[in-house]
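Below is one structure; the comments refer to it alone.
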Amino acid sequence: MKDIIIERLEERGVKLKAVADIVYTLQKPYSENLSIDECLESVHKVLEKREVQYTLLTGIALDKLTEKGHIEEPLSSIIKSDEPLYGVDESLALAIANIYGTIGFTSFGYLDKNKFGIMEKLDTNHDKVNTFLDDLVAGIASAASARIAHQKRNEKEAKMKEEKEVS
Amino acid sequence: MKDIIIERLEERGVKLKAVADIVYTLQKPYSENLSIDECLESVHKVLEKREVQYTLLTGIALDKLTEKGHIEEPLSSIIKSDEPLYGVDESLALAIANIYGTIGFTSFGYLDKNKFGIMEKLDTNHDKVNTFLDDLVAGIASAASARIAHQKRNEKEAKMKEEKEVS
Amino acid sequence: MKDIIIERLEERGVKLKAVADIVYTLQKPYSENLSIDECLESVHKVLEKREVQYTLLTGIALDKLTEKGHIEEPLSSIIKSDEPLYGVDESLALAIANIYGTIGFTSFGYLDKNKFGIMEKLDTNHDKVNTFLDDLVAGIASAASARIAHQKRNEKEAKMKEEKEVS
Amino acid sequence: MKDIIIERLEERGVKLKAVADIVYTLQKPYSENLSIDECLESVHKVLEKREVQYTLLTGIALDKLTEKGHIEEPLSSIIKSDEPLYGVDESLALAIANIYGTIGFTSFGYLDKNKFGIMEKLDTNHDKVNTFLDDLVAGIASAASARIAHQKRNEKEAKMKEEKEVS
């Protein structure tokens, strides 16, 4: 299933490397020695979660169905115009952002107001409908970033415990 | 917009009166003197909220598009089989259940395990795809029930204050 | 840290075995061959999550501080009376219930309306303040149950894949 | 009850005017003709919600009890150090931010990373414990801002409908 997800994301113009770049920018200020490879690995881990996969399939389907004209009015215009009070795109993305705890919520909110990298590109590509996709990418990046925050904390605690035992 | 929503719900077999019946069953144990008319009025109030309207349009669209064969695999089979770990139907419904506070969450969870009335009918109608709709109905009923709980509490507090001022 | 949490739960009258019993009741209808030991192991896994630990420490502290009279009015009376519209106890418990996806929300709502086993005992022990604790126990049980649901699903998929490869 | 809340906020150094200033900064880019008075009125409306009141009382109590040394270790150190993975402060604040829909979530995330005005002051006042308070203020401001967004949209729609009827 994960391979299908990666394929669908690429079809819509999203490479995992571009998501890892967002994770790096989010998490770098808090984690010294962070590498892009760790960020990419964390993105992969997020995409292994079944609930994340199902949510991505649904959001991407809604973007594509809107593009193809299969969505009835008034919903079609609401999605096409990325109406700020729509909220369903954020609900889906938050379900992803949240999988490693509430810390993912705040990154998501930050990205929503400061779109950069691939998110900015998606947001300004007016040939396609990316109403769901740009939020979903922010959700994946937020979850991957939260995962690294927890991990780095665990490593630090393990190290502190070890030093204590040695001394 | 509210009229469109009511029309769409009726097209899918959901009359507001049937939703009000669920609200009545949920809320009756806590509110003496509760009438079906109050429950129906509360359902109407919930349906006036823009975010609720948008969420309903989206969920109903997904059910209908699945019925029509417009959703690609593997998502189509997941929605058709109402896969218990899918989660997107619950996410949308919870965004509705939650509009009058966390109290709506618990009613939703209860309804999800104890489907009755119109919910049971939707769940066992195998000609149609109602994966989203049965959860959305539970979401509306939970929100309408939470609204009544808050209202009854306000009335009680106002009365207590009045009695205190008189004495 | 996990040991501290287990100790605090036991001090408040909650043995992990009693939580595992709730998980078993929740999950048994969906998972044949489920054992109490698997449920207990799942409870342990939930308690290893840092965000769960922090939430439990906070909720238990609020119960104890209310008992000791350290909480100012009007909050003290609201917590003591387990006011149904309070909502903070549910918010904390839902943050736990949710760690393995939205499926945990529905179990939580069900338990909130159908308190049994240790939850019923906590709810009717009027010497102590357990406003937070009974919801937190429901949150742990819901998360542990969601974890098993995901796991059983993974096993089933792995088996299906294997059978496909053999044939 | 609302008066008690306003009093408690002021005791902790938070004037409603300062919260209204944050709302203004958040919402000004989207709403022309926005006045500080409208923002202040929106903050008042948020504080009238019972669930908001209860959440504020709880968070402020936790800050004060930590200051007074009534919270046991290890929780006391976690709250004092505003440990980034704690999460309970964000959970409470998000329950407030969310009362006018998911749109409040994104403002909250933005404020969490861009503390300004009264939030910055709270965050850098090291004589006091404001771990909960700075997030709660962000939650109130986010909800008040979401309320204005919905309201402005309603006004616009009413105007469009009127113009349509005239022509």
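Every chain is named by a letter (A, B, C and D) in the order it is written, and numbering of its residues begins at 1.
Definition applied: contacts are C-beta pairs under 8 Å (C-beta built on N, C-alpha and C of every residue); 3 or more make two chains touch, one makes a residue touch a chain.
Keep in mind the model is a prediction, meaning the values are calculated, not measured.
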Set of chains whose contacts include both chain D and chain C: A, B
Pick the pair with more C-beta contacts: A-D or B-D? A-D
Copies chain A and chain B touch; is their interface built from the same residue numbers (over half shared) or different ones? same
Nearest whole angstrom, what separates the Cα centre of chain B from the Cα centre of chain D? 28
How many angstrom between the C-alpha centroids of chain D and chain A? 25
Within chain C, the set of residues that touch 2 or more other chains is 50-51, 85, 87, 91, 95, 101-102, 150, 153
Given which chains touch which, is the overall layout a line, a ring, a star, complete, or other? complete
Tell me, which parts of chain D touch chain A in their complex? 30, 84-85, 87, 90-91, 94, 101-103, 105-114, 149-150, 153
Name, in rising order, each residue of chain D that touches chain B in their complex. 49-51, 95, 98-99, 101-102, 150, 153
For the chain D and chain C complex, residues of the former touching the latter: 1, 4, 50-51, 54-55, 57-58, 61-62, 65, 70-72, 74-75, 78, 83, 85-88, 91-92, 95
